[in-house]
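Order of writing sets the labels: A, B, C and D. Residues in every chain begin at 1.
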Amino acid sequence: MDFWFFIEVFVGGLLSGVMYSLVALGFVLIFKASGIFNFAQGAMVLFAALTFVRLLEMGLPVLLVLAITMGVMVLLAIAIEKVVLRPLVNQDLIILFMATIGLNYFIEGMAQLVWDSNVHVLDLGIDEYVAFEIGDAFINKFDVWAALIAGGLVLILSLFFRYTVIGRALRAVADDHQAALSVGIPLRTIWIYVWTTAGLVALVAGIVWGSKLGVQFAISAVALKAIPVLIIGGFTSVPGAIIGGLIVGCGEKLAEVYLGGFVGGAIENWFPYMLALIVLMIRPEGLFGEKIIERV
Amino acid sequence: MKKQNEKNKYSQLMDIKNVNLSFGGLKALIDVDLQINTGEILAIIGPNGAGKSSMLNVISGIYIPQKGIVKWKGQIRKKIAPHNIARMGIARTFQNIALFRGMSALDNILTGRNILMKRNMFLEMLYLGPSKNQEIEHRKKVEEIIDFLEIQSIRKTPVSRLPYGLQKRVELGRALALEPELLLLDEPMAGMNVEEKEDMCRFVLDVNEQFGTTIVLIEHDMGVVMDISDRVAVLDYGIKIADGTPDEVRSEQKVIDAYLGAG
Amino acid sequence: MIYREAGQFKTTYKSDQAILPIFQDRIAMVLMLLFAFIIIPIFANDYWLGSILIPFLALSLAALGLNVLTGYAGQISLGSAAFMAVGAFAAFNLQVRVPEVPFLIAFLWGGSCSAAVGIIFGLPSLRIKGFYLAVATLAAQFFIEWLFTHFDWFTNYSTSGVITAPPMQLFGFAIDNPLNKYFLVLSIVALCAFGVRNLARSEIGRAFMAVRDMDIAAEAIGINLMKTKLLAFGISSFLCGLAGALWAYVVLGTVEPQAFDIARSFEILFMIVIGGLGSVSGAFLGAGFMILLPILLNNIGSVITGAAISTETIAHIEYMVFGAFIIFFLIVEPNGLARLWQLGKEKLRLWPFPY
Amino acid sequence: MLRDYSRLNTFSKVLRNNAEVYSNIPCIREKEYGIWQTSTWKEFYHQAQILALGLRDKGLKRGDKISIIGDNRPNLYITIAAAQLIGAVPVPCYQDSVAEELQYILEHAEVKIVVVENQEQVDKVLEILDRLPKLKIIFYDDPRGLEKYKNKEIASLKSIFDVQAVDLSWVDSEIEKTSEDEISVMLYTSGTTGRPKGVLLSYKNIISVTSQACEIEKTSINDEVVAYLPMAWVGDFIFCVAQSYLSGFCINCPESRDTLTTDLREIGPTYYFAPPRVWEGMLTQLMVRMQDATKLKLWIFNYFMFVAKKWGNDILDKKSVSIWGRCLYSLGYLFVYGPLKNNLGLTRVRMAYTAGEAMGPDTFLFYRSLGINLKVLYGQTEATVFVSLHRDSDVDPNTVGPAFPGVEIKIVDDEVLYRGTGVFKGYYKNDEATKETIDSKGWVKTGDAGVIDKNGHLKIIDRAKDVGKLNSGKMFAPKYIENKLKFCGIIKEVVAFGDKKDFVCCFINIDLEAVASWAERNNVAYSGYIDLASQDQVYDLIAKEILNVNKDLSKDSELFESQIKRFLILHKELDADDGELTRTNKVRRGLISERYGKLVEAMYKNDKTCFIETEVTFEDGRKGKISADLKIKDMETFDLEGVAA
């Protein structure tokens, strides 16, 4: 087999993996802070992207559009906290999980009802098909950009978590709700922050994915890709999300290229899940997640 | 309140020899010896974090001590799957009520008899023949327990609607449904008012008397412990500091210190 | 208000543990069956039978299956559709390979295969809980969908990748018109519902609920978690598989794997959430709700706007409404319509007293 | 079916006959282990025979007394039957009477064997055992907690029933020996004054009277009765034992006291008997529960209650009622009465009795308007219950109905006298009391003051000896006033004073349940009974009721001077355990007016408050003291026309 080809696939995998991480981050944020597995993250990505692209199409300046979209995501976060989370506070997590499935449907419906369900081209002025050459391997330029954006985002987030008041607050909540409360942090505001942040991450992811695939319903399905990423990386770890993304990314690409052929291809749909399953069986809390201990 | 019959008191049901148990770094139990005699009521007491619960879990077999041996009826007990503990004849109640909230009191207790039932999916689907009969057979048994615990009036109430005291009683009923030889009660009177406690004491004693069940209980209420138990073992920081009749233990200096120490 | 229980005393456990201990309930049940088996066939037209009642029943069965797993045994699954697919394709393949097999046998075979697959994908449930498990079942969803799409063997190498159900013969009697099909589906579903109800009130059902409500305690009283959970997966998948077979044979006739995509899985999950977790009636109520709501919306829409709205818009509104309802029920009444029904019944029994 | 009672002239004979003709018909049920365990007449008879032999072996002979103590349990009923099979005399005692009370009866009746329900009763009897030389053995039904008892005097009934292969022919011969004039049962009347007296009733008494009752009500094997009233009380013996023997219907024993209501509801008796306070209690509770209903529901309820008031009674009495009325009523039946009766477990009731004390006309009519055929029965243990009884469609809430068949009634200076086949054989070992009560011509003094109205209905005013005179010379009938007050629901007990006084005053016992719920609705905070009873709002509440009564009284030229001028609310509930009430909850006037003399004085001395300390007996028999400062409230009264004076 050709080494450079391998490299190409590998790096390609890594880069697309980063894209997954981008979505996965949204999940991690919310899970970290509230223990909720937010199934609606995908829908949020779709919603953000749609809003963004439609506003652009109206011919508004990019920055304004960005600002507005952010505003919308904030409102969405607040609405969710008020309508969904507050009434369900200290319910079973599984109930909350199902609620987010409902939320997912709602947002998907809303997004397409408010805007529409056509495919919209989102051009960030990066040529899809220009590629670097490293040795004999071709690396897609766009992917590199995406990777950079994702990397940047992760950096920002970790800084945010480490150095801002809210960030620390979030960490506190993540570690122990009681503790957080006793320190006098209102859980609800926290949740709003978390969901807002998640919303913004979704926006970024949406833009990136949107410009790759075009903004369309399919984007929300990306979330399903992100789930195995989480399982592998661990629900509670930001770096986990990244590493998980990378593993899934190149895992599925390599599998596709080197195994897919034998089994009729298109295995990247389920391969990550199988990967995730294996991880689950060996290490339920994921590679980077905190161990879950049950007392009798 | 103490009961009279001293029958086969000193044949041992369980014999625990210098058991050590530790979670990661911290030691929960250190070289603990403990005998459980058939037919007695043994209370394990001690300040918070003294390792009482750990001890109970070692007895029940949920925790496997790193060092030391546990003999059950003279045989050294190997590691057992949690769901086989009940089959060995050990039943327990939990410190904070662990009832099946979705079911009625009756069903909760009936579930306690599941292991005594035969499973035949198809007959159960049709509710026919043997499976129907066994349902009825075991219902009879359960009704005896209900009668014994005087909870006829709440037989068909969902347990989630019951007051705390009654829930505790139902949980006891569920444990009894297993017809255990050894019954472990994890703070059976925690959070009860005076009457509820008195009732519970009565039931514990009656169980021990009528079914000759051996009972090991953890309890904070000293009055209760001294009243109902034949023997008291005192743990402090994972070490057994006393073991004897209530009176002996009461006068034990170490015990007094431990309790004063723990405030 | 209609209840007159005074004087309905039980002198045997048999009668006390009867499936419907209250006389008035027995009456109601009889009436319902009469309605389903006699009144409907007389009055319903082919449209109603073909595109509402039969799909409703088939999906009810799937929901019933999922309810066994999620509602009774408390193990959440997002792969119900996949298990339906297994049922459908297994049944189809058996009949294709061994034509002389009667379709009922094929159905059972489909259910059994599905059960087997279900058990395999249920294995993770021994180590993981909640949405971790949900993820595992998602894996099933994607894997199986892919399997049937990419291995022509399953579709008997049909170029279009769809399977076409062979005609159904029962004792030389062709089941080809909506009415016959209706009777067929109705009987099967009724039977299954009866079975599940019985299961729920006997030893296995209690084991399921014990595991659902408090697994530690369940273990402490000697219930083998592994066996119980796997059994739940088995039974659940069997029913889903059967439903899948019905979906393929009776509802659609020709199916492609995409008929059992993740959206279907969610649809079924919604049915039991809205209908009511852990109750047989819940499956039916939920299914009815999910089937009728779109039709309702459509009509309302056309009434309001005068002209019929684009199917697309309707679809989107559906999404929102379903989503909203899920959240609503989870907040207001986690036990769904069935619970509301129960409460109503309680009120009737207490009437005129408030409690 | 009416049978030849000249042949079947003792219970033992009737029972043996039942075992043949009704062999497989349920005779007695008990809710135990969650279901109604049923035994047929055949089984019942068989058990009774075996027990009879067992009792003989323990030395029980013809004419000996055997006492039964406990809640209504099949085995206790079997014991009665067994005793009667061999001509011994059952002496049921009140299960809640304290050891001393028991001691008197067991001693006076020279009881040889006691059969009790459970440990509680065993303990009581053991406590007094040494004072009862004649008592040989104590049998118990429920072994719970009794294993460890070492006393040789106690044994379990089971030990007898377990006996295998016994020769029952002896019992047959005994059955033949018994004659209708032998004593069937001895019941101690908890007289409102002095020691209880043992009333001797012969088989003839009971069978003659009961067969009449069965005739009137057409009782049959299809009837169901719930046995929940004390076995020591003649009512239970007649309605549950005698009538079930004669008509072969089944009697049902509740599972326990706290499941009574649900058990009653499950059985849905066709034949229901309850003293007024039970009916009133039921009504109060019903109204309290309705209070929390939604507006709409409440409206529906009230509307149809109005409908029922308007037409219900007439429909029940088969009087002609307008179509409109009938329609509304049947509508009401669907929406309110039916469900209501169902919830109370009275759906199937064919006939219902109340007796023992007067009952509020409103309460009485309320039940009748629901279509429950409630009737008043006036009777006494001495008369084997029946003296007078309402007949279907001839019911008047203010009377106790016309004389019972075979009973003559006459009024001699206000007092009601009767005679008939039911008249008892005399008080056991108490001839002068017997002579006082029955005169040479067989007329029995009831001690009640009454009149016979134009329809030939008997109307009871009061206990004759309680009827007194105000200083103004006007008649003072305390019971009459007290009942009027009690009918309002929030008052549980009243004791009125006025004999040889210038005006009328009274003690009030509030009905805790009713008043508590009132307090809740009007958010009145209170810490307990004493506190609640002393609240001013509560005083006002009571005052309102009294005012109404005064208005009523002021309309009656005889009684308008008996209007209540002052009252106080007692700090404790009058209690049988403290001897203030009889076991059948009748007020013991004498005792009360001396125990609370201080209060009575205070009321007539126009004090505003009065301090009182009383000894009380708690559930577990311990004694304690409670004390309180009681307020005394003045009432406005009306003169004859009924306007404020």
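In the analysis below, a contact is a pair of C-beta atoms (placed from the backbone, for glycine too) under 8 Å apart; a residue touches a chain by one contact, two chains touch by 3 or more.
As the structure is a prediction and not an experimental result, all values here were calculated from the model.
Engineer: If you tally the C-beta contacts for B-C and for B-D, which one comes out higher?
Structural biologist: B-C
Engineer: Could you pull out the chain whose C-alpha mean position is farthest off from that of subunit C?
Structural biologist: Of all the other chains, the one whose centre lies farthest from subunit C is D.
Engineer: How many angstrom lie between the centres of subunit B and subunit C, each centre taken as the mean Cα position?
Structural biologist: 41
Engineer: Averaging over Cα atoms per chain, report the distance between subunit B and subunit D in Å.
Structural biologist: Going by mean C-alpha positions, subunit B sits 47 Å from subunit D.
Engineer: List the centre-to-centre spacing of subunit C and subunit D in whole Å, with centres computed as mean CA coordinates.
Structural biologist: 57
Engineer: Which residues of subunit A are in contact with two or more other chains?
Structural biologist: 296
Engineer: Touching at least two other chains at once: which residues of subunit C meet that condition?
Structural biologist: 13, 216
Engineer: Please set out, as single numbers or ranges, the residues of subunit B touching at least two other chains.
Structural biologist: Where subunit B meets two or more other chains at a single residue, that happens at 139-140.
Engineer: Sort out for me which residues of subunit D touch subunit C in the complex.
Structural biologist: 29, 34-38, 224, 252, 265-268, 286, 289-290, 292-294, 297, 300-301, 334-336, 338-343, 345-348
Engineer: Under the definition above, what is the set of subunit D residues touching subunit B in their complex?
Structural biologist: Subunit D residues touching subunit B: 32-34, 145, 147-148, 255-256, 258-259, 262.
Engineer: Can you name the residues of subunit C that touch subunit A in the complex?
Structural biologist: 76, 124, 127-128, 130-132, 134-136, 138-139, 142-143, 145-146, 149-151, 216, 262, 266, 269-270, 273, 312-313, 316-327, 330-331, 334
Engineer: With touch defined as at the start, can you tell me which subunit C residues reach subunit B in the complex?
Structural biologist: 13-14, 17, 19, 195-196, 198-199, 201-207, 209-210, 212-214, 216-225, 231, 235, 278
Engineer: Touching subunit D in the complex: which residues of subunit B?
Structural biologist: 3-5, 106, 139-140, 143-144, 146-147, 150, 152-153, 155, 206, 209-210
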